[in-house]
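Next come two complexes, and both contain chain A; in the first it sits with chain B, in the second with chain C.
Right, the complex of A and B next:
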């Protein structure tokens, strides 16, 4: 593999990594924007998505794509439940939502240990076995299951973008994020919008988990590192800003993948965190953040 | 019959007597549990010291770890007694907290929350990454224990549970008194002021950021010593001990107990630890119980367990009013 090929390969890896990170982080940012809740259980929802895909597809022989869709729906239902039971009574309580989401994180992790056991390796026999050789170059390979991550993430994010820019419901959601009181005065039901936002957000995390399931080790704690990455993206992008999150997801993923390829994984995370702190010294509200909360 | 102060001091005396007898009647593993409870009390009260300035930090567990690592490394590599290294561990933790305060206190609210988390995680990953001197995932081992060695006259090995129990008790009590005094000093009043009336405090010339930094560094010092106390008791530490889970437990204890009063976090640690201990048989289900308690408390007792008596009294009064009928309303 020549230098150029390695660079090309790394760029493609970065693209796939960033599409997933963007999908995951946008869900987190959406919830913060609408409800002012930092959802610590977002990683747990991702875990639930991966677990249910594994359970349906590998254990029960449900077709792969049906399993992905069912897992996404399951996570959406989980999101609906969390909004109605946990986050709604906490509205206006600045740290209340965060705390109950931590409680939910504990419960979901324990539930998955209880249902499926901790130590067992949960391998998914890959649905796609072939790889794609970019530009016909033999040494640059992208497994089809990784291409699926990119495709699904792009599809969902594209759909979400259309929803936000083209539909009245999307505008209503944007209005809620910008000024909840004014939105309520215009007859927008904040409760309904919060519910919808939570369903979308949970579905994004769930779909992410479902398509990542064949690529990662499925454990009850698989959500934590992904959540930490999403926090970095969220805060660099500016909390509550979806555009910021997208830009930050690409920047961070490229940085992280390149440092991982050329130096090492742990160093990449440490450097990422340090760079984030340095960035925040210069601009404490993140890339796109305008207001300082509190 | 008795004055309130009299009753309070009588209560404290009884509590102290019970606490002093306790190590001789409980089983050995329960002694461990009590020791960690004392250490956790130091941890949550020091956390409250930071939180009363209005910023919730997610770096406390790692700051605690800094104290543990610093003290352990000092005793492992230098001919220093643990008696000296423990306070130095606290100083190291305070120093790291001071360095972190520069970037962190430029942020507010959720930015601070996540920023402090990220900064802490960076430190923790350094322990994982740099095997020399931090030992990587496996951490540090064979950390010397504390000992009182006065030659032939007196020798106590504080590595044993019963002596360490009293050591943790005494240190805990001293720290509680110190932190209580800090909160009720001029500093403490300013801490409250920069939380509740940030702008007003600044407009009368209080440097809010400076006071937040003071609280952050002071809290870090006590947390660092708590970390050193853990390190020199269990004699082995690793990065996993100071991860996100530990931090979330601190947050749970503080908020379930009630951040509003000094006794709240202590109550949180004691009640939740005892519940945790009594459901020991459930093993891996324990965190779920924690989660459930957390959610129920936030939903029904947003001010924490300390507000339970008030809530009960409110309920009783409400019932009494209903029994009296609506008569007062008709007037």
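Right, the complex of A and C next:
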């Protein structure tokens, strides 16, 4: 493999990693923006998406794409439950929502241990076994299973962008995020918008878990490192900013992947955190965050 | 979207929650009462990243205990004693290991404690020594002169990794370059030093190395860089079982055509399912299936190895790993020492263990070793198999002589241990 081919391979690896990180982080940011909840259970919902795909597809023979859709719907339903039962009573209570989400994280992790046991990762026999040789170059490859991640993330984020910019519900969601009281005075139901936001957010995490399932370790705690990455993206992008999260997801993922490739995996994580701290010193509000007035 | 929460509030809240997440609860997983019972402690990771080297071992120990109890128990002083296994999950965490160790000694009053190694062992080493408790580790780098009751009975990790590389050097002369990737921890580094030494002795140049952390979720860039260097052989060193699984799959998906040599290949049926029989053909590692013909006699010392493997595989299909038999093999050696000591008293049994010569290791006669590296001869060092994937099945291709290699090239290994900062008294 030549130097140029390695650069191209790394760009492709970065794009795949970026697309997943963006999908996951946007869901987290959406909930923070609308409901003012730091949802620690977001990683656990991702775990539920992966586990249910494994259970449906590998253990029960449900067709792979049907399993992905069912897993996403399951996570969306989980999001609906969390909003109605957990977050809604805590509305306006910043730390109450946070603590409730941590409780949900523990419940989901323990439940997965109880249902499926612990130990080594669950294995999904891959639906796709082949790789695509990019531009016909033998040494530059993308596994079809990774292409699926990119395609699903792009499809969902694209649909979400259209929803937010072209529909009345999307506008209402933006209004709720910007000024909930004014939105309520305009007749927008904060409860319904919160519920919708939570369903979308959980579906994003669940879909991410479902398509990543064949590529990662399926364990009860698999959501933790992904959640930490999403927090970094959320802070760098600007608290509550979806546009910022998208930009930060791509910037962080490219940075992390290139450093992993050319220096080392552990250095990449350390440098990623250092970069985040330096960025916050220079621009404390994050990329797209707004400075608060006192 | 605009937020009303300040970053300070957010960070304070998340920090508080993160601290709360570290809560621990260690409870015994199985206790059964009975007269004339000898209690054996099992203190290793049953959850978390290292669970792959704990939980399968507990399964094996439980099968061993069943077989011993079915045969009437352990004979000592003319009486028969039933074996009772008491296990705690240390999650590969120092604090949880300490809690478990205290329970095993003060509440459960066990006669021996089986552990995985590294951080949990280091955390309890002094406590165990003060209480004169026999502890076994699978990682010889844990042993030291100030811990006379700590033994590496079954496994001499990472030293046995030299045998597969030595085999490559003698049987695959076309291999000239190597690349290494593993997690950056004590286990990974000591193994990295060993592979470096083994490759050097075999005349193979290491042209690429990549260390990664525990938070890694995407192994594609790690593998891309390794493959880009065009090595003849790749090793994942002593990467955790799940990492080996995902790294090997990535190598397959990225079209790697060379040889892979590794410490472990746990649950290889799953990896075969994710890759292909052709891709995995020739994969070299260090841990056999115990139904291998070579394990059924000769100078091996694991009673009913094939029956043990059969029971394990039937009860836990596809769950066989490197450690499935190792904790049980340590108990086999301890049982021999108990027979010679005529007591379960740990210090007396410890003396009896040291008196065994040769040491009846599962892979053949061994000798006590370790003073040159760790200041005390507490590791059973002898032969270790080189295992190769042949037509989808693990096959022992050679019983390598670790002791002979160490006698001849120990200085090279010490050089690489020191270069990577791996503790040694040499």
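By our rule, the second predicted complex is superposed on the first by the 288 of 294 C-alpha atoms of A that agree within 3 Å, B and C clash if a C-alpha of one lies under 4 Å from a C-alpha of the other, contacts with A are read in each partner's own complex, and residues count from 1 in each chain.
One rule holds for everything that comes next: a residue touches a chain if its C-beta (ideal position, glycine included) is under 8 Å from a C-beta of that chain, and two chains touch if they have at least 3 such contacts.
Remember, it's a predicted structure, so these values are computed and weren't measured experimentally.
Contacts of A:123 after superposition: chain C is touched, whereas chain B is not reached. In the superposed model, A:99 makes contact with both chain B and chain C. Residue contacts after overlaying the shared chain place A:273 against chain B, while chain C stays out of touching range.
With both structures placed on the common chain, the touch criterion links A:89 to chain B but leaves chain C unconnected.
Shared-chain residue A:239: touches chain B and chain C both. In the superposition on chain A, contact is made by A:107 with chain B only, not with chain C. Once the two complexes are overlaid on the shared chain, A:189 sits clear of chain B and of chain C alike. Number of chain A residues touched is higher for C, counting chain B against chain C. Contact with both chain B and chain C is seen for A:284 once the two complexes are overlaid on the shared chain. Judged by the touch definition given at the top, the superposed model places A:261 against chain C, while chain B stays out of reach. The residues of chain A shared by its contacts with chain B and with chain C are 32, 38, 40, 94-95, 98-99, 102, 113, 118, 228, 231, 235, 239, 266, 269, 280, 284, 289, 292.
Interface residues of chain A facing chain C in the complex, by the touch rule stated above, are 1, 5-6, 9-10, 13, 16-17, 29, 32-34, 36, 38, 40, 94-95, 98-99, 102, 113, 118-121, 123, 125-126, 129, 131, 138-139, 141, 143, 145-146, 174, 177-179, 215-217, 219-221, 225-226, 228-229, 231, 235, 239-242, 257-258, 260-262, 264-266, 269, 280, 284, 289-290, 292. On the side of chain B, the complex with chain A involves touching residues 54, 56, 102-103, 106-111, 113-115, 117-119, 121-122, 125-126, 128-129, 244, 248, 251-252, 255, 284-288, 290-295, 298-299, 302. Within the complex formed with chain B, the residues of chain A that make contact are 32, 38, 40, 86, 89-90, 93-96, 98-100, 102-107, 109-111, 113-114, 118, 224, 228, 231-232, 234-235, 239, 266-267, 269-270, 273-274, 276-278, 280-281, 284-286, 289, 292-294.
Chain C meets chain A in the complex at residues 1-7, 9-10, 13-14, 17, 20-21, 46-48, 51-52, 55-56, 184, 210-218, 220-222, 224-225, 227-228, 230, 241-242, 245-246, 249, 253-255, 266-267, 270, 273-274, 276, 319, 321.
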